[in-house]
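Structures for review follow.
In the two assemblies presented below, subunit A is common to both, partnered first by subunit B and then by subunit C.
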Partner chain A sequence: MNKYTLSKRQAVNELSTFYSFIAGFLIALIIGSIILLAQDKNPIDTFSLMFRLSIGSVNSLSSSLNKATPLILAGLGIAIINTVKLWNIGAEGQIFMGAIGVNFLYINLSLSNSTIFIILLLLSAFLGGAFCILIPALVKVLFGVNEIITTLLTNYIVIGLTIYLVNGPWKDPDSLNFPAAAYVGKEVYLPNIFGKLSYGFLICILFTALAHYLKNKSVFGYEMRIAGGSEMTAVYAGINAKQKAFLAMLIGGGFAGLAGGVELLSQTHRVSTGISQGFGYTAIIIAAITGMRPIGIFLVGTLFGALSIGGSVIQTIGVSTYIADIIQASTLFGALIIQFFFNYKLLKVDDD
Partner chain B sequence: MNNKILETKNITKSFGTLKALDNVSFNLFEGKIHGLLGENGAGKSSLMNVLSGLYQPEKGSIYIKKQKYKISNPDHASRLGIGMVHQEFRLIESFSIKDNLTLSRSNIHKDDFMTAFKKYSEIFALNLSENETVSNLSVGEKQKVEIMKIIFNNSNIMLLDEPTAVLTPQETIQLKNSLETLATEDTKTIVLITHKLKEIREFTEIVSVMKNGKMVSQDLLTQKVSDNELINLMMGNVKKSQINKDNTIGDVKLDVINVSFKDPVNNIKKLSNVDLQIKSGEILGLAGVSGNGQVELANIISGIERTFEGKIIINDNDISNKGVKSRKKLNLSYIPENRLGVGLAPGVSVIDNSIVRDYFQTKLGPHLSKNRSAKYLENLINQFSIKAPNPKAEISTLSGGNMQKLLMGRELVGNPDVIIAAQPTRGLDVNAVEGIHNLLIDQRNRGSAIFLISEDLDELFKLCHRLLVIYEGKVIKSFTTTDSNISSVGLAMAGINE
Partner chain C sequence: MIDIQLLGLLNATLQAATLLFIAALGELITEKSGILNLGVEGMISIGAVAGFITAVNTNNIFFAVIVGVLSSAIFASIHAIVTVVLKQDQTVSGLILTILGLALSSLIGKNYVGKKLDTKLESLFSINDPSNIFEVLLSQNIIFYISILFMILISYTLKNTMFGRRFEAVGEDSKAADSMGLNVIKTQFIATCLGGAFAGLSGVYLTLSYVPYWTDNMTAGRGWIALALVIFGGWKPYRTALGALLFGFLEALVPRLQTYGFELNPYIVKISPYIITILILVLLTIYKDGKTGAPKNIGIPFFRENR
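Moving on to the complex of A and B:
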């Protein structure tokens, strides 16, 4: 009888993440097709409709890119934190906190110059996200408390805080009892570049470049990588590993907070529990699929944005919007499985 | 020697590119105490881990009483009568002795526990109640329970990994007597893994020697083989190149003045009043058994450990209160003992690891240009003939020798004034060792002051001008290598200060 064992490969193909993603996406399409066939829907028709309604026209493409913006920004926040080999499961909460940060500053400040006001509001969103991860970051570096647990738990706290605010102090009397804060004024709406495409997407491109630089080209990114590889090596090299981990967490939280701020100023225009529809969790999928690479996050995030838009419009032909969620999740599973075989190979164990 | 109870043929086990076991054949004879001798990293523990089912070999076969078996896990090994006592005990501290002994389903003394417990308590001279909680036991007592546990699990073949490392001399004699009784009265087959010749002599009848993953000699009768033969087998034929020690010695480069240090975690004193000076062109050795304060001293000199008393002066600059980076700027290099984990960051690329020393200097920064880093690494690869085909690959894809060359190269390329090298050749093969020694000699001739921390006395005698011996955090003796002999240094390392 032959037995097999797994052995780690010496050299992993540099494009392996890309190939894994493509393979994972194909696997996801097959899974999606099977589910559609089981519902007596033609998968090719459904997918081509999704394609047409998500990127087939300037308008639908704009919607897709607007949808992708918070996913990408939150994904970047996760990737930056992962440079020190820590996991941010709290992007969802940070998105809410970013939106809360915007509204907080908006009701406490008024400026006539709307450009400066918008920039300050976005800064407030960034700080809100950073504030949201402050306690997980502190207990991580001071006591070594597992950040996966703490960032996850802050999501519930922040969503609870949002529910309190929109039902209590920030409740909009004109909202007909719908739990939401009042709309912000039109003067602080993020304008559109053209058609429906918001300036939020431009911010997203800028921050992708910034994250790419920070992670891959800067001294700070290098120090984060060493600190993530081994705290002892960092100390040996004269790098304050705990400080890098702390800063990485705050910056990553800020990126996710910004996602909430952009979403509020460009799409929802008010704080409600609907600010994010699980963007922070989808962002984890995107960041994981791309191996935490900012440019990959931008591309996959764009695709996932289009999938969401495509998924939401196929309801008209009687297909559940959840088909998009299934494809997103199956892409991650497929990509992870394929990536595994890039990293490991099966070895036959000889009997003698 | 005809009662062969266990035989392995051509066992091969690799970890990445490293062959931990290379075609190893090994025999065990019923009722005998066997020695398995070899230096650290020779493959002794790997072989035992194969026999006890922890590792699955890629090649080779195992025969127990002439029948072929594939030992798939420790439980399987235990059912085949093979038990292993690891260096770290596998006991449940909060359980009683009895519960620990009877925990396994392979336990054969369910019904006659007390009879068996009394019998073996006598053999091991263990005067304890079976209800005593294990956490109250001394290390020696725990080891006895651990060995009894594998006997209770019906092991006829007992593999003991460096069992004397944790014992006092009296306990060692006691263990020897117990094992002899087990071999003669219970016909247990025992393997003692060790790198101490004295124990091979005292404990064993048959000895096999491993080196670099290979079985270099097997089934020698201990009584018929001399210490010198064993040493030669174990160490191989190291060519002793005589190194000229008449090079020019210059001014003092490193001055360590009255350094004392307490471990902040448990407040235990690790260093007491250490004084030393190293001059340009001089290699000062620090001999000592691991754990006598060497790591702490190296960390204090390199700036990693900042909570000490005393002074560190490099090139006339008092840097006692300065950190790692300012010491690097004064051209100090540190090659730490722990290569992968301290010197190099696991999971990080070769190129990132290659610039750990200099990344903050302007020649690489301020934006950490990829081109400059790549050129920096290329220079290291050429100058120190490192085999690192893919700069973006993880550091752990390099062999141990190449990792050490990269680490040494990185620390030496800037021609440092002061070098601290801790165990720089540990675990490397003869050629790699020779290469590392030549690098250090080159730096010495160039005028570097070198502090060489090592357990390897041959290495220290070969390279150093002077030797200090550290014992329990104190420098207890100083030697000049040209007019001292190895044995007096060895005695000092054991704390014997004549």
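Moving on to the complex of A and C:
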């Protein structure tokens, strides 16, 4: 009788994450097809429709890139925080807080120069996101409280705060029964580069480069990696690990806050509970699937943005939008399964 | 003569606590074996929708409970395959299990939003308007008694039986357990699926009695509070139950404060469970000085070196 044993591969293929992702995506499409078949829908027709409506024309491609923008920005925030080996499950709340930050400053300030005003509003969004993660970050570095649970729970708190604001102090009487804050003025809308493509996407490209630099090229990134490693190494290297972790969390939260700010100024133009439809959770999938690499997050985020647009338009033919969520989550599960075969090999051993 | 409001508070406390406790108990078993499963929220959701759909279609409440529990156990096996067998990151896998579970349950339950149940999970004895503590205790839902039974059973099993001691052995030092001849993979696989089964039981309690209807995202973060409860309970069933009572009490108390003359913003009432959870978690971590008593091997995949 033969037995099998596992052996860790010494050298893991550098592109293994990429290959795993592709394979995972194919697995997810198969799973999506099965679900569609179960609902008496033709998978090939549905997927080609999704494809056409998400990247088939300049207009739809622009929508997809706009949709990808908050996903990518939030994903980058998660990746930065993961440099110190911590998790940010609170991107969803930080996105809302970013939008709240924008509206807060907009109400309390008026500037004639709209370019500077927009920049200040986006800065306020960044600070909003950072503020949102402040408590989890503080109690993490001071007392070691599990950041996964605290950042997750802040999502519910911030969404509760949003509901309060749009039903209470910020409620726009003109929005009738729909609870929402008043629209911001047209002068602070993020303009479009061309067609429907917003300048938000340009901001997204800039911040991808910034995150890549921060994480992989800068001294701070190096210090963050050491801070996320063993405590002894950090002490030996003279690095204040807690300080780096704290900073990384605030910056990462800020990225997600910026996502909310960009979404408000370019898409929704007002605070409501519709600012994010689970972007912060999709961002976790994107960040994890790419092994927390900023460039990868940009690429996969773009694909997932298109998938979300495709998912929302196929509603019209009676297919649930959740199919996009399921494909995204299944992609990661598929990729994890394939990644195993890159990391380990099965060896046959003779029974003795 | 006891205040009728106090009895109502007790009743609501027990119900909220039961819901959290069952899910926490399952996660406790999983974590004892060294596997962290952050997918509790998704697993509760799957059990909730599967149980509800079965109940609506068959009117057989017992069958609905079984289907809900099994669905979540099978769903949890995804996590078991990915993390136990294939040794991938437990945090990532668990998070995605939650996202997938919420999306999948919304998809499956789409046509059942707003449907009404003809039969509910009933209490053991039907007592209308209980007038003393005993009557409140006796009028609880059957799941309440089941959870007490499980608490005793699991605490005993984990401490005193060969079957139960395995979980701790594997969770504390999987390599040592392996060299003693324990099947680490099998033990962790069972523990993960058991965790799913209990989350499923919590889910069917939610849709077949506590609420009882189905709507998207109705788990409302309870899975995460259950995760916090396991930490609160220091991975011990009785302490976890105490924690569940405390959380349940606070969850039941805050909306009732108004009747005791406190003016409260209803929006703050809504988010209070999450604030309370964070607060308790922080106080507990300070009190224990970071030493929570977590299983030593939690999150670390078992891998037998080549010999």
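In the analysis below, the second predicted complex is superposed on the first by the 341 of 352 C-alpha atoms of A that agree within 3 Å, B and C clash if a C-alpha of one lies under 4 Å from a C-alpha of the other, contacts with A are read in each partner's own complex, and residues count from 1 in each chain.
The rule is simple: a residue touches a chain if its C-beta (ideal position, glycine included) is under 8 Å from a C-beta of that chain, and two chains touch if they have at least 3 such contacts.
What you see is a predicted model; the values in this text were computed from it and never measured.
*Asks:* Should the superposition on subunit A be reported as showing a clash between subunit B and subunit C, or a fit?
*Replies:* Because the two structures are overlaid on the shared chain, the partners are seen to clash.
*Asks:* Determine, under the contact definition given at the top, whether A:Leu134 touches first (subunit B), second (subunit C), both, or neither.
*Replies:* A:Leu134 contacts neither subunit B nor subunit C.
*Asks:* Name the contact category of A:Lys8: first (subunit B only), second (subunit C only), both, or neither.
*Replies:* It touches subunit B and subunit C both.
*Asks:* In the superposed arrangement, does A:Gly144 touch subunit B (first), subunit C (second), both or neither?
*Replies:* Touch status of A:Gly144: second partner only.
*Asks:* With both structures superposed, pick whichever of subunit B and subunit C touches the larger number of subunit A residues.
*Replies:* If we count touched residues of subunit A for both partners, the winner is C.
*Asks:* What is the contact status of A:Leu120 with respect to subunit B (first) and subunit C (second): first, second, both, or neither?
*Replies:* The answer is neither, since A:Leu120 touches no partner chain.
*Asks:* Counting only touches as set out at the top, which of subunit B and subunit C does A:Asp325 meet: first, second, both, neither?
*Replies:* second
*Asks:* Considering only the contact definition stated at the top, list the common interface residues of subunit A for subunit B and subunit C.
*Replies:* On subunit A, the residues that contact subunit B in one structure and subunit C in the other are 5, 8, 347.
*Asks:* Would you tell me which residues of subunit A are touching subunit B in their complex?
*Replies:* Per the stated touch rule, the residues are 3, 5, 8, 10-12, 14, 85, 217-219, 221-223, 225-226, 228-230, 232-238, 347, 349-352.
*Asks:* Would you pull the subunit A residues touching subunit C in the complex into a rising list?
*Replies:* Its residues touching subunit C are 5-8, 35, 87, 89, 135-136, 139, 143-146, 148-150, 152-154, 156-157, 160-161, 163-164, 167-168, 281-282, 284-285, 288, 320, 322-323, 325-326, 328-330, 332-333, 336-337, 339-340, 343-344, 347.
*Asks:* Across the complex, what residues on subunit B touch subunit A?
*Replies:* Within the complex, subunit B touches subunit A at residues 9, 16-17, 56-61, 68, 70, 302-304, 323-325, 328, 334, 336, 338, 341-348, 352, 355-357, 359-360, 365-368, 370, 389-390, 392-393, 397.
*Asks:* For subunit C, which residues count as touching subunit A in their complex?
*Replies:* 38, 78, 81-82, 86-89, 91-93, 95-96, 99-100, 102-104, 106-107, 110, 220-221, 224-225, 227-228, 231, 265, 267-268, 270-271, 274-275, 277-278, 281-282, 285-286, 290, 303-304, 306
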